[in-house]
């Protein structure tokens, strides 16, 4: 019996959308006010889901406390109260769009979760804009 | 890397559930208080999702501002502060159930979005009743 | 020890903002798209609060089940799935703005609640527009 | 045209996570504070979704009132204001984790819904912990 | 310049509403299904607000981290994953209604907060039932 | 009949909590990770309420569209997608704590609203931390 278990977390970060190899004008045309060179920020809400068989011993797919601690260690400690462009190595050359952040989070979590289980990452940049990545 | 990007919108509208070719009694038996001939209404919440490859240039699947403007042009301007049965041509002969509204919205958006990308429409009639249509 | 106890409820209704004694043009100038003659509608969320002393016998200010049933009887049965302008006598001559609806609800509840207790009505027309009336 | 229709419900219950065949120490090591022998509790939020063809007569996949009443009869009456371990026969021998509760709910609903339609159960133990089961 | 600063927290607990000095029948008549002798439970949401002058040095009324830690120490550690009637001394003789829990929380916090500042406690027993106590 | 009408808005911004006249060590001791010199950010939710008499002509205390436009012009255009410390003149010398931002917003709105009406500003820095200022 496969069940998807989901855990919600959040982090607050500054970011700016732009490419170093583009002119300011081109960045401005593509990214608009998200290209403010002094940055803006978000309260990111994150839902990480793990799909797998229920362990008949415990009744768990995965202990939620372990998933909570893993998200804290891999995501919150790296991203919370940070400037994504300047403080987070993954975004030195990669534009921190919601899509790219979700992929980075998925890649950071994948090695720590049973390879037989599937992972899904939902990232809310705002309550109205969000993305989903499943690998 | 396929990612699903989602944008939330809303509109407020009046509607009535009934079929013109049924008697009032039959409409009443099937649709109950939703068949009030003087209409009732809802704050509809809408989530439109587009699934496709991340553009390596921009880091976007689709610019959320374009999706926001498209929803505004195709859905909000047509449905917001309207009587769905009387003001919206698609529902002249089609019963505006949540299911049918979601299909109509999907069909209105489909021609405007890259045909390689999939579309999903989630429509909340109330916070407790909602429907999902993916084509 | 005075405590405020609050109960949330909701109803779905159609309405139109206008005055019969004004021209369509004047109604349109003041009420804009809320003046659609074919109506639009909302999911109204309602919070009714009663402030009074805790009864030392029960530990209740007021039994929430009684408050829930009172809101159902006085508000939901009168307003839910109705056209406020056409189906609800209080709005035959009174414009059903959120402000006026809140006052009407307060007046309908007042006679049924211990006169030593204060009443507050919060009415959400949308999640972004709401009003508060305390008598 | 296949559409997924979803209905949200809730129930409040006490529970304890443990196995009778394990020592208190082993239960404590695995289930931590969820193993409090005097129980703790939750406001469980439940979303039941049914996926099927839209009936061209009614515009419904399934009448939401029937789904609402079915959830009330099969889930709310059995679980609401109950101690899951002591009052609900399904959990006499089965640990009431969110995963197992979701499977039990799915199994209780399955016989009452058109076998051509798929069912999905989402169960929120808290707003931050939830599970999804689709059979 | 007086500002009210608010911090949201939560705890999950089991409880039962009843008086030891009443018969089961009387408890049942007054408290209904809340009187289940095997307990039920809730996810309680708590908002603690402190009103006072902004410190011109820091721009804070009160450091939110201190308020967060105080709520954790005084409320969450005492109430979370507990049976309020059996595990929490304040409710040995006091019926754990939402009203009484809010008063107990207010009394536990009061000695730890600057006496020049006012405190308000809002306690959600469910998203639809909540109480407010300000001393 | 006095009614409070409320309008919700939001803006996304970067900020840093610190005083220029303090050492980094002192800022760090007081403001912790909020003192990240490269900034972090938030989705700020804002509720502006205006309390006054219902205009018997319109049934409005204040036209919500006017309040919405006023918040857009005075707050969203000044703060959204900005770095509060660097882009917003009011915070050149003033620490952008939630308390101070709420006071600045109140002061920006006050001259534009009927002086007979009271104003209240609620500002959510996160869903768990928020402040209220009423002048």
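Of note:
For reference, chains read A, B, C, D, E and F in written order, and residue numbers begin at 1 within each chain.
Keep this in mind: a contact is a pair of C-beta atoms (placed from the backbone, for glycine too) under 8 Å apart; a residue touches a chain by one contact, two chains touch by 3 or more.
Computed from a predicted model, the values in this text were never measured in an experiment.
Number of steps on the shortest path from chain B to chain F, with steps defined by chain touch: 2.
The chains touching chain A as well as chain F do not exist; no chain touches both.
Here the C-alpha atoms of chain E line up with those of chain F after a rotation of 120°, rounded in steps of 5. Just to note, of C-F and D-E, the chains joined by more C-beta pairs in contact are D-E. Chain centres were defined as the mean of their Cα atoms; on that basis the chain farthest from chain B turns out to be E. Counting the residue numbers that touch the partner chain, chain A and chain D have less than half of them in common.
Taking the mean Cα position of each chain as its centre, C sits at the greatest distance from chain A. Residue-number overlap of contact pairs with B-C passes half for only one option from E-F, A-F or A-D: A-F.
Distance between chain C and chain D, defined via averaged C-alpha coordinates, is recorded as 34 Å.
Averaged C-alpha coordinates give centres for chain B and chain D that are 29 Å from one another. The centroid of the Cα atoms in chain D and the matching centroid in chain F are 41 Å apart. Residue positions 127 of chain C each touch two or more of the other chains. Pairwise chain contacts in this structure: A-B, A-D, A-F, B-C, B-D, C-E, C-F, D-E, E-F. Within the complex formed with chain D, the chain B residues making contact are 17, 19, 30-32, 94-100, 102-103, 127-133. Taken in their complex, chain B has these residues touching chain A: 1-9, 49, 54, 57-61, 63-65.
The touching residues of chain E, when paired with chain D in their complex, are 10, 12-15, 33-34, 36, 38-43, 80-83, 86-87, 126-127.
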